[in-house]
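Each of the two complexes below includes chain A, the first together with chain B, the second together with chain C.
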Partner chain A sequence: MNVAEAGAAAAPVPAPRVGVQFDRPDRRYAAEQELAVRYDVAGIEPAAVRALERSVVWYTEGKGEEDLGVHRFERLEGAARLAEALPGGTIAVRLPASPLSYEGVVVKIRWCVRVRLFFASGRDFVSEHVFDLGTVPPARGAVERTA
Partner chain B sequence: MTGTAGRPVGNPFSTRHVRPGALPALDSRGRPRDVAALLARLDAVGGSAALVGTHGSGKTTLLLHLAAALEAGGRRVERVRLRTVADWAPLAGAAWRCARGGTVCIDSWERLGRLPALLVAWAARRVGARLLVTAHRPGPLPTLLECATSPALVTALVARLPRGDAALVPGAADVDAVFRAAAGNVREALFLLYDRHEVRRRGPAAPAAGVRS
Partner chain C sequence: MRLPRFLGKKRGNRRTGSQAWGSFGEALFYAALVAAGLAFAALLCAGGVDADTAGSPWARWWLWLFTLLIPGALLAFGGAGLARSIRAWGKSEERRAAAEGIGELFDTPGPDAAPAADLPGVPTCEDLVNSPGTILRYRLPLESPEGWTLLGIGLFAALWNTVLAVLAVNAGVDLWSGRVEWVLLALLVPFLAVGAGGAAVFVRRFVLATAVGTTQLEISDHPLLPGGRYDVLLAQGGAGALESLDLALEMEEVASFRQGTDTRTERVVVWRERVKEWKEVEIAPGVRFEAHVTITIPDDAMHSFATEHNAVRWRAVVCGRPERWPAFERVFPLVVCPGRIVSAAARAVEVPA
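Here is the complex of A and B:
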């Protein structure tokens, strides 16, 4: 789990906990390298889950429009398939050559493993776990505008 | 209802945190808008009205909150963001779908131009569709609210954004400075706070290398 939480479920029920273990503890991957993760879901009643999505995506973040790319996506529904995915499972994928992770001033590119749970109640829960693709150095300085 | 965990906060002033749909609707003193009272007033003026204010005064944010409240009340709502007068076609379709009591929420109504705007208002009345629009100046529709800004509003918005590194949270002097620099445009002020956050996190940029002649 990453250090910060971007939000929390507003429902009074306790939030699920999704732990992800990367095969590289530093979470740094080279372009076109294999990524393998093991995830575990806790704090849920498996029978209450209607579907689970596991994906590997990149997204941009910054001052402009946001962009998102899906590199790997899998949706599991039905008791038999969910039994393979809960309470834990694996995601293995060969990463692409680009876009590489980038910590820019105006725009940042982040890669993450995403596990999304859909509950029979209609509620859903997303857990994202960031990793780095490539070794592009971060932008060093920022120029502050005054107007 | 979606719960989210794991994504780093990053820069709290990035688009995903400060886009109109993500920000609360606050008044110029930083207090939450009374959406129910505004909807009652909208009904009282006949169902069609304008949210008026300068750039970055919170019109679009309020429009989105009012649209969501109308939908939650079981009313049909269509959202249209106008970029040019050429967007009249999707607008006409939205008005048709909102016939007999639905509401078309139109952002940047003035981009339609005066005559097309009058035609759309007339056509909407004919089919029984209501219009809730944003505009920079009062126009043919009744003004539901004039949006205004202040440093207190920016302060209240900043307090509601996710917290990253406590050392990087802007103080009152930062808010006053960006509010002045942005001439009261809250959207621009939040982008200036984005820049300040990046500068403090990384340190200032080195001067660009140049060639002396």
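Here is the complex of A and C:
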């Protein structure tokens, strides 16, 4: 899922497509389990990419302001390092024990793999792919609500 | 170069506004504050402090301090914001978060690490295990927002009535000397009403808070784990009869968000289980009511979670209905850690697809 693109230049807009393949087709992982993701970037000239960031993060969704935690972050710059990461690469990491994915009423916790491309034109493009950590069932609803 | 779009839209997860222009605007705002602070300070320094009015060197020193307070605040606030904007310029939110050292905190824990200390997003329970119980291992602390409310009302009533006393003494002196200050007397009437009301509310709340007696909760282990069973001792002090006393286990979600200039917090109880209810409880003076129960955390329970704006909290809630007093509720926070023991649900995940 490509979620955002931002930038300020009027140069021709690249239309990257980032495909990912998780080592578990259902994208559900247990706590402290190994995660391996293969990604492929298409629709761009590798030479137009200035930097690439690969990260495994969790963030909150819902009524509250967003909180973000980075479990793994890697920034690749320079032709030699980018050649290893483009047009495709692998992200492998051992997941932590928490926080587990959670679908609450006003608090939700999502885990995702993000691939962010920075173009020479100044634009950037991020592709986000959600997966589940743990098997906590969703909240059934509000028993009592106070504000 | 594309001009900035001032009215951006949010389309799903995608914003039409430019992040770069947003950061630029923010940096410009802080730079303007720094410039205003410098200009203000320069003007004040050029004007100097009048030596005649300043008096002694100490008085001059204080005068300089107050004179430079406003430009100093502008420079500090603007400078800090500008430094933050420059540091964040062109960096993704992941990179900023990683640079703040969050990544180090969230490293995969070792097998022998203590619970919570190496569990990202899970609050520690150090404050919950530093008080030993009389019978069970830990005595849980009481979460008591009512205590702070009582203190606030007490302070307000004390201050208000002090001001009222000063005004009343002045009015009395005037009357004694044969003068009638009608404005002061008219002012005393609403002041007296507010003062008396504040004192009455304080006394009522104080009596309610102290009349029922203390509630204690002890637990056999902490932090808790999904699927775990724990012995709990509930002890209720005081004297008199309670129509009912019940103990419940709750999971609450807390989300704080900004609405205009306000920060609001919404709390939603998403899971509640009544552990036990006792009817017609008689408490004799000096002999507290004691009951042993067992609580069970569900196998697939969400663990405790706390970040800057969001939280999932576990708590034990004791509710009582005294015969002569209004009902009371006492909350004891708990911490549930993610299960290290692989639950049945997690084992299902680990089966290769």
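Simple rule for what comes next: the second predicted complex is superposed on the first by the 128 of 147 C-alpha atoms of A that agree within 3 Å, B and C clash if a C-alpha of one lies under 4 Å from a C-alpha of the other, contacts with A are read in each partner's own complex, and residues count from 1 in each chain.
One rule holds in what follows: contacts are C-beta pairs under 8 Å (C-beta built on N, C-alpha and C of every residue); 3 or more make two chains touch, one makes a residue touch a chain.
Here the structure is a predicted model, which is why all the values come from computation and not from measurement.
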Of the partners chain B and chain C, which touch A:His71 in the superposed model: first, second, both, neither? second
Pick one for A:Cys112: touches chain B only (first), chain C only (second), both, or neither. first
After the superposition on A, what does A:Pro137 contact: first (chain B), second (chain C), both or neither? second
Once the shared chain is lined up, is A:Leu100 touching chain B (first), chain C (second), both, or neither of them? second
Figure out whether A:His129 sits in contact with chain B (first) or chain C (second), or with both, or with neither. first
In the superposed arrangement, does A:Ala15 touch chain B (first), chain C (second), both or neither? first
Would you sort A:Arg24 into first (chain B), second (chain C), both or neither based on which partner it touches? second
Using the superposition on chain A described above, determine whether A:Gly62 touches chain B (first), chain C (second), both, or neither. both
Using the touch criterion from the header, give the chain among chain B and chain C with more contacted residues in chain A. C
Chain B and chain C footprints on chain A meet at residues 3-10, 62-66, 105, 122, 124, 126, 128, 139-147
Which stretch or stretches of chain C touch chain A in the complex? 1-2, 12-15, 18-21, 92-95, 97-98, 102-103, 106-109, 118-122, 250, 253-258, 264-272, 300-303, 305, 307-312, 337-338, 340, 342-343, 345-346, 348-350, 353
Touching chain A in the complex, chain B uses residues 1-11, 14-16, 162, 164, 181-183, 191-192, 194-196, 198-199, 201-206
Residue positions on chain A within touch of chain C in the complex are 3-10, 24-26, 28-33, 53, 55, 57-58, 60, 62-73, 75, 94-100, 102, 104-107, 109, 114, 116, 122, 124, 126, 128, 134-137, 139-147
Over in the complex, which chain A residues touch chain B? Could you list them? 1-11, 15-16, 18, 61-66, 105, 108, 110, 112, 122-130, 138-147
